[in-house]
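Here is the structure we will look at.
Labels run A, B and C following the written order; every chain starts at residue 1.
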Amino acid sequence: MKALWLCRYDPVNTAFFGDAANSLKQFDLVVVQHLFMTGTAQFAHVVLPSSAFGEEEVSFTSSDRRIQLARQAIESPPGPIPAWEQIARVGRAMGADWSYKTAADVMDELGEVVPFYSGASHDNLAREYGRQWPCTKDRPLGTQFLFADGSGGRRFKFVPVPKPALEVSPKDFPFTLVFGHSLYYWNQNILIQHSETLKREYRILLLDYPDGFVEINTADAKALGIRDGEKIRLRAASGSAVAAARVTPEVRGGTIFVPFFVREVQKQILGRAHSGHQIMPVRVEKETT
Amino acid sequence: MNLSPVENVYLPRIAVLDRVVDEIAEVKTFYWRFEDPAEQAAFKQFRPGQFAQVSLFGVGEFPASLPPSPTEKETFFTVRTVGSCTAALHQLKPGDKFAVRGPYGNGFPMEEYYGKNLVFVAGGIGLIPLRSCIIYALAHREKYKRIQIFLGAKTPRDLMYRDNLREWEKSAGVECHLTVDRAADGWTGNVGVVGSLFKKTGVQVAVDNTVAFVCGPPIMFRFVIKDLKALGFQDKNIVSTLERYMKCGVGKCGHCCIGVAYVCVDGPVFTYEQIQKLGEDI
Amino acid sequence: MKARILDSADVLKIVDLLRQQDCEVFAPFGGRGRDTCYDKVTDQNRDQIQIHLPNPYYPPKRFIFPHIERLMKIQRSDGGIQIEPTYREPKRAIFGIRSCDVAGIWHLDRFFMGRDYRDIYYEKRRKNMFLVNVACTDPARDIGEECFCVCADTGPAAREHFDLQLMDLGGGEFMAVAGTPAGEALFSAPFFRKGTEAHVAKRRAILGEVRKSFKPSTTSWFSAAIRHVSAGKIQEKTWEDIGRRCLECGGCTYVCPACTCFTVSDRQVGPDEVERVRIWDACALGGFTRMAGGHNPRRAVHDRRNRRFFRKLSHYFIQRELSMACVGCGRCAAVCHGDIGMPSVVEMIRRETAEVDKHEPVAR
């Protein structure tokens, strides 16, 4: 692969268990369409500023299969245009016959190519809070539950997954690491930067824990003699890391919560070839230095 | 709706910084005056224990205690760098402009204390708001009975308002006792927490017909209250001034609202009896 | 209060009258599903105004107390600073405001204009605001699952604080009640006519019926909850239970028609110019009380929740403002992901009280 075109995707900040930044450096051409100058856009050769939500008519599909239509509410400031229009213009410049007039035209073509979107015209989507695919011409209201009628051999089958064998004894590593988003830090925080109150909350976290933090349950911390803000060492089989402890009843006993944005802890503790989706047993020690 | 014209309570007035004096590490005193002499005259009507909102260009506004007494000529703030606004104030040079509005809050009812003994207990920069009361009391010396000052600091270097301290130590009208947590620089005075001064030989804390002013960090506050109560002080005769995050100073923004009080308008001065009813940490 | 009758077909003519008086009019519109919102009335959307619809979540208080409002411009030049307050006092009307939201605005009036320090920004907007209240009479469309104005004594038909009140009498007729001389002045329009005793009787009958269409709710225990909160009788454990369910999103404050808290921020708008703005703030957020230097007297979530409900329910504050900071609109219940809107909190307090009931008879 030589070139990569990313439409509103910011893997540098959202793909937590790979090294997107390094991968992007390998490409001859990276094109990024985004509203903000994201971490990924820093690696782009071409950045196309696209319209914001509410500045264009656009549809999007959520993970519950819901296709929703968002109507234009305000005009874009001069410059940015909808992402689909940027793609169409580049296509035309390269000789393609992409003469869409509106986002609805694009959606109609989608419906021709993707059978289970064939009923998802903008007109149809506008009537409700969206439709769940399959949304076809003969099922325009969409499908709330897949395979609800019990037919077909393509139903989902739930099978028990064998509990991964731990390479270490739970006695030695009694805590489990949990990775996730922090309440006031999502991705690059590009949106939070634009809200005074949320920005304040985020800044306070950094003032209270200047080097980031990991969260530990109050009872666990008490048992280990760890006080809020104290440095603790997390030791796993694959590596170890030091971080400030944020003592809170908001995490469950026996778990250590590591916010995604505390990158160093993640890197040091996971080691190289880790997907991050395995159970990660750790031991917690007071850091004495 | 017909309403009479109302002044803009959020509008700060331009002030000029005259000079800056280093107090202790990270703490400086900023002498200033309003650009408009009429504003200055109006502001000078403040009471000890009140505070003002200080605006720094492009950074924001913060509440600052008023360490001067209304009986003094000059107006000034003594401020430690803790956040972005206080840091911006520390950057200013004489002649620079900033903005101030106030005074706000209830202040200490110094007239109600006429005829009483006054005991001032301050820890660290807790002396900033109490300085106003002390100077005020000394300026009206005949109105009060005994005046005692107990002042604690981490080290001798952390003692502020040194000129005042020297004066108070020498003055016949006031008993001034100092202590530090850790001696250094040839310190020959008392070493220990501020409460240890109460038990020193030769010290007799006035308890009857006495008001105790307590101001300092939360931990010092808790211990001093304990000590004072052991001496026989009643909760209603212990007064302090509370600090809260605040944005408006006039009871609207809601940040400083605790229990049944807005610290900015109902406080910042409360008796210990009231503080307990507020039901929140100091 | 003077009243008049008008045909349903003429109701929107009131909007036209106001617009002819150079008044910006905001009215409720429907969207997809349950979505409704207030929007500025234009020639294009005028016919889409809806009289009966679920109350918009985003409260109309923002037309008087904006979500984000500039207070002043601060400029720097030649070593000096100029500060210029920026006032906006557009002539405005809210058409179709619900009774609960009218009570909310009354609370804001008391809070911002009723004490020692008056808020000039609020006052300037408020004195140019005209309120056309619509009483909730349609159980299917006006009254939601979470509504408890009957318990908060603010609805379904406001008794005061509006300029004009409209009520759908059915049969193609509306009754208009004037709450102020400005409201009464509108009665000179030709489409108003005098009513009869029968109309008044009908109004009374409708209100009696509507009151019955509210969901039987735990908020009937509302006033007892006020008593318990005021007396400081609520156990710490109850606040902890409430705190545990709070996700600290602040949603309850942003939809509340009676919340008043704001933060102030200076933002750069030019090399030598900043604007000072105030922005709605939420007591659910940890930064609401954190001081520079790190001390936060209200660090635990349950302390912050305790704060919110104490501020809204305690007698002390009700007397201080002579109005109550909860108007029974039920929005907090609708938006809360942790189910600790006002009705649920009242229920949790009720249950706690039942648990600690010491008067249970003992079988001997």
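Methods note: a residue touches a chain if its C-beta (ideal position, glycine included) is under 8 Å from a C-beta of that chain, and two chains touch if they have at least 3 such contacts.
Only a predicted model underlies this, so the values are computations on that prediction, with no experimental measurement involved.
Contact with chain A and chain C alike is made by no chain in this entry.
Ranked by separation of Cα centres from chain B, the top chain is A.
Averaging C-alpha coordinates per chain places the centre of chain A 36 Å away from that of chain C.
Chain B and chain C have centres, each the mean of its CA atoms, that are 39 Å apart.
Here the spacing of chain A and chain B, counted between their Cα centres, is 50 Å. Looking at chain C, residues 263, 265, 281, 290 sit in touch with two or more other chains.
Residues 32-33, 244, 248, 250, 263, 265, 277, 279-282, 285-287, 290, 294, 301 of chain C are the ones that touch chain A when the two sit in their complex. Remark: chain C residues 71-72, 74, 76, 79-81, 83, 85, 111-113, 115-121, 123, 126-127, 232, 260-266, 268, 274, 276, 278, 281, 283, 288-293, 295, 297-298, 303, 307, 310-311, 314, 316-317 touch chain B in the complex. Those residues of chain A that touch chain C in the complex are listed here as 126-129, 183, 196-197, 200-201, 203-204, 207-208, 249-250.
Of all the residues in chain B, the ones that touch chain C in their complex are 1-3, 6-14, 55, 57-62, 82-86, 95-99, 218, 243-245, 247-248, 250-255, 257-260, 265, 279-282.
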